[in-house]
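Presented sequentially are two complexes of chain A, the first with chain B as partner and the second with chain C.
After this line comes the complex of A and B, so read on.
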């Protein structure tokens, strides 16, 4: 069995690196499921859970029924087990991303080394504290012996030594990080699953927006808000572009209705930092200079900036804004979509359009990108199928017989 | 093809001699002409105007004049004259790795900047040149930093000085012999001191406060600018700064200014009541951050600066990243006409959430 020398890291939960026993389990092993459901229960029982909807979503995702459903979906046609040691390099500014990454590795049957960023906000501490509590209990001894959540300041030497023992690496954090981490030597059998920078967009049916009852419209606005504003429109799956379908008149009317609903919702959310407004205005000017035919659509205030385009440039993904900055165009036959999509495209959220039909268009037209088509509001719902990968299958190996 | 606007007649007005009504009228005229000029001359500026879809011919209010964010000058080379006419490129001071603003000057714009600055300096120092002590080191002018904001500021203000002497050695130590001989050479009349606020605090005041020694500069008039950010981090405000200068150097005339490399020349100088004043050549508008509507007097917002000087680059109306408050107009107890205001500091940079920001980022 592999032995990892102790390194200057701070162990947050689980065992020390020197004590790690990387003995793989089958996917959805009872021990792993028991730990995750206990973690879920403890998190949901916390009185402060309401303050952290992202933690609550994670806890809810780990509930027994959901894990049982995922287990069923994986099926048992093949005998599978974890690849061995999974190293997780989680992003610095999505508070609970490391927890999902860890859960995926665990459910696939791996021993896990999870690097938790030192700069994460309070909710990460809560998630870690509950994990630490459980992993100190004898009930979860098996899980504790094969998992460690740790933290260390940027240090390539440590990351390199951890990479050397990994059988699978989950690399979050975008193109630059991936390029950097890929240069580190890994074992010949090691599988890297890299989450590169991605671009996402939204398709709205104008007639559907116009016909939506006020409750449905409100739900659409809340969903869109969650997709965009929870992570400053900076998540890979947050939309930056809205494709509208309908006649010009329908679209204009639907835009008024949709953005008024957004405006009303945003008003209840308090002020955003002042620099965001200046950032967005600067981006508007930058866009005006770089994108031919860009027209600013006046908005009631600085919470949202909108740019109308008759025709999308092929590189529209390079002009993504942040903090509530949107491009809008009409694309009834999806000709523009087909023209712009490349491997960078990840999530297409939609309202009033059948997601399955859209997914089939991706396949039938052989589009180079778009890995997910989900309803508005589900953009950030991470799961075992993510970024085009089946993470459980990719992080486990098949023991074949004939 | 319209000719470049000519505002030389403005120089005949006293720098603080126009009341609100007259100033609005003349400033609006100037802003209209400049907006049209830059739209005609600068492709990037024209594209921004097209995207904003404003009717430039019918700008009715100063507040309706479109403004560019200052950061744009860090990302684009914005020029409104043929490249051959650019004879000087100014850059903002930036630490290594940071992008710097690039400001392109032709002779006409540079000359206008000098003329306007002279007007403003006459009010401070009188018409004659005055012996000058620069609270900085000569190295600020060396190694291609010559036209960084720091070097350019020193050179620009040196025009109003005689026997220009640097108070700091290259290693930023006080050059005591140079200071003593400067004081010995000029035993009568005013002395002009110039420096950047942080440099003065760090390299003049700190050593003197520590050693307990004093400098006989009570005849001095100190002009300083460049921002308070680093001093705010140390909780040093204007009052404490002034008090310290009085204590260690006997200085009683200390004048802060607000200005930026993007609008060189038309400075906002502090009056004896501690208020920054807009001279006739420039103006200031404070906008609410939630919608960029004009803030009421007394209300904090983001500062927009207007200047009639920029012709070789589209910098006549700029949205800064500074927070400020208009205190009043035409009614400062000092008697100067025009708007007077306070600068609170920079807008706070926000932490960005999202998965594309890497864990490897240095913090």
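After this line comes the complex of A and C, so read on.
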């Protein structure tokens, strides 16, 4: 078995690097599931969980019934086990992302070394504290012996030494970070799964928005709010561009209805920081200079900035804003989308249009991008299928017989 | 414990409310039963009764009373 020398890192939960026993398990091993479901239960039982819907969503995802369903969906046509050591370089833009990455590695049957960003907000500490508590208990000794959550300031030497022992690496980060990490030497059999910068968009049917009953409209607004504002539009799957379908008159009326509902919802969420408004205004000025034909749509306040375009420039993904900044255009036959889509495009959220039909369009037109078509409200629902990868299958190996 | 007692206990332990307040309790009537509280409640119910609820049932689970009908679909009967 591999032995890893100790390195100057801070262990947050699990064992030290020197004590790590990377003995793989089959996918959805009872020990792994027992740990994750105990983690779920402890997190959901915390009185302060209500302040952190992202932590609650992670805990809810790890509940026994969901893991049992995922296990069934994996099937058992082939004998599988983890690849060995999975190294996770988790991002700083999504606070609980490291926990999902860890859970995917564990469910696939791997030993895991998870680098948790040092600059994460409070909810990451909660998630780590509960993991540490469980992994200190004898009941989860097997899991504790093969997993470590750790933190260290950016240090290429440490990352290189961890990369050298990895059988699979889950790399989350911007394009430059990924490129940098990819240059580090890894073992010949090591599999890299890279989650680089992605761009996401939303498709709204104007007739559907106009016909929605007030309850459905409210649910649409809440879903869109969750997709965009929970992570300040920083997540790869948060939409930046809205494609409308319908006649010009329908779209204009639907825009009024949709954005009024959004404004009403945003008013209930309190004031957003002034720096966000400044960021959006600066971005609007930049957009006015750089994006041909951009027309700002007047809005009641600074919570949402909207820019109308008759024709999408090919590089629209490079003009993304944050904190509630959107481009809008009409694209009835998706000709504009088909013209500009590239490998960077990830999630298409939709309302009033069938997700399966849209997914089939991606395939039948051989589009270079879009890995995910989901209803508005589900943009941030990360799962074992992500960025076009089946993570459990990619992080495990098949033991074949004939 | 009977199924009804377990069902009541899931609500009282998750939301820290008195049993007497449950009969007419609806989603978002109290601060504790918000979208996060709903996730906690669904996880507790699934574990308590050893069931996996469909997403539609989780969405439609809008009150203490409606929940009883929904759980009946999973053969969790309460008299």
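Following the convention adopted for this analysis, the second predicted complex is superposed on the first by the 401 of 402 C-alpha atoms of A that agree within 3 Å, B and C clash if a C-alpha of one lies under 4 Å from a C-alpha of the other, contacts with A are read in each partner's own complex, and residues count from 1 in each chain.
Going forward, a residue touches a chain if its C-beta (ideal position, glycine included) is under 8 Å from a C-beta of that chain, and two chains touch if they have at least 3 such contacts.
Bear in mind the structure is a predicted one, so any value in this text is a computation, not a measurement.
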item	value
Partner chain in contact with A:180 - chain B first, chain C second, else both or neither	first
Which of chain B and chain C A:44 touches, first, second, both or neither	second
Contacts of A:339 with chain B and chain C, given as first, second, both or neither	neither
Partner chain in contact with A:53 - chain B first, chain C second, else both or neither	second
Which superposed partner A:393 touches (first chain B, second chain C, both, neither)	neither
Partner chain in contact with A:64 - chain B first, chain C second, else both or neither	second
Partner with the higher number of touched chain A residues, chain C or chain B	B
Residue ranges of chain A in contact with chain B within the complex	89-94, 97, 115, 117, 119, 154, 172-174, 176-177, 180, 195, 197, 230-236, 238, 271, 273-278, 281-282, 284-289, 294-296, 300-303, 307, 322
Chain A-touching residues of chain C, taken from the complex the two chains share	32, 34-37, 39-40, 42-44, 46-47, 51-53
Chain C contact footprint on chain A (complex, rising order)	40-41, 44-45, 49-50, 52-53, 56-57, 59-60, 63-66, 68-69
Chain B residues within the chain A interface of the complex	44, 47-48, 50-53, 68-69, 71-72, 75-76, 289-292, 302, 319, 321, 323, 347-363
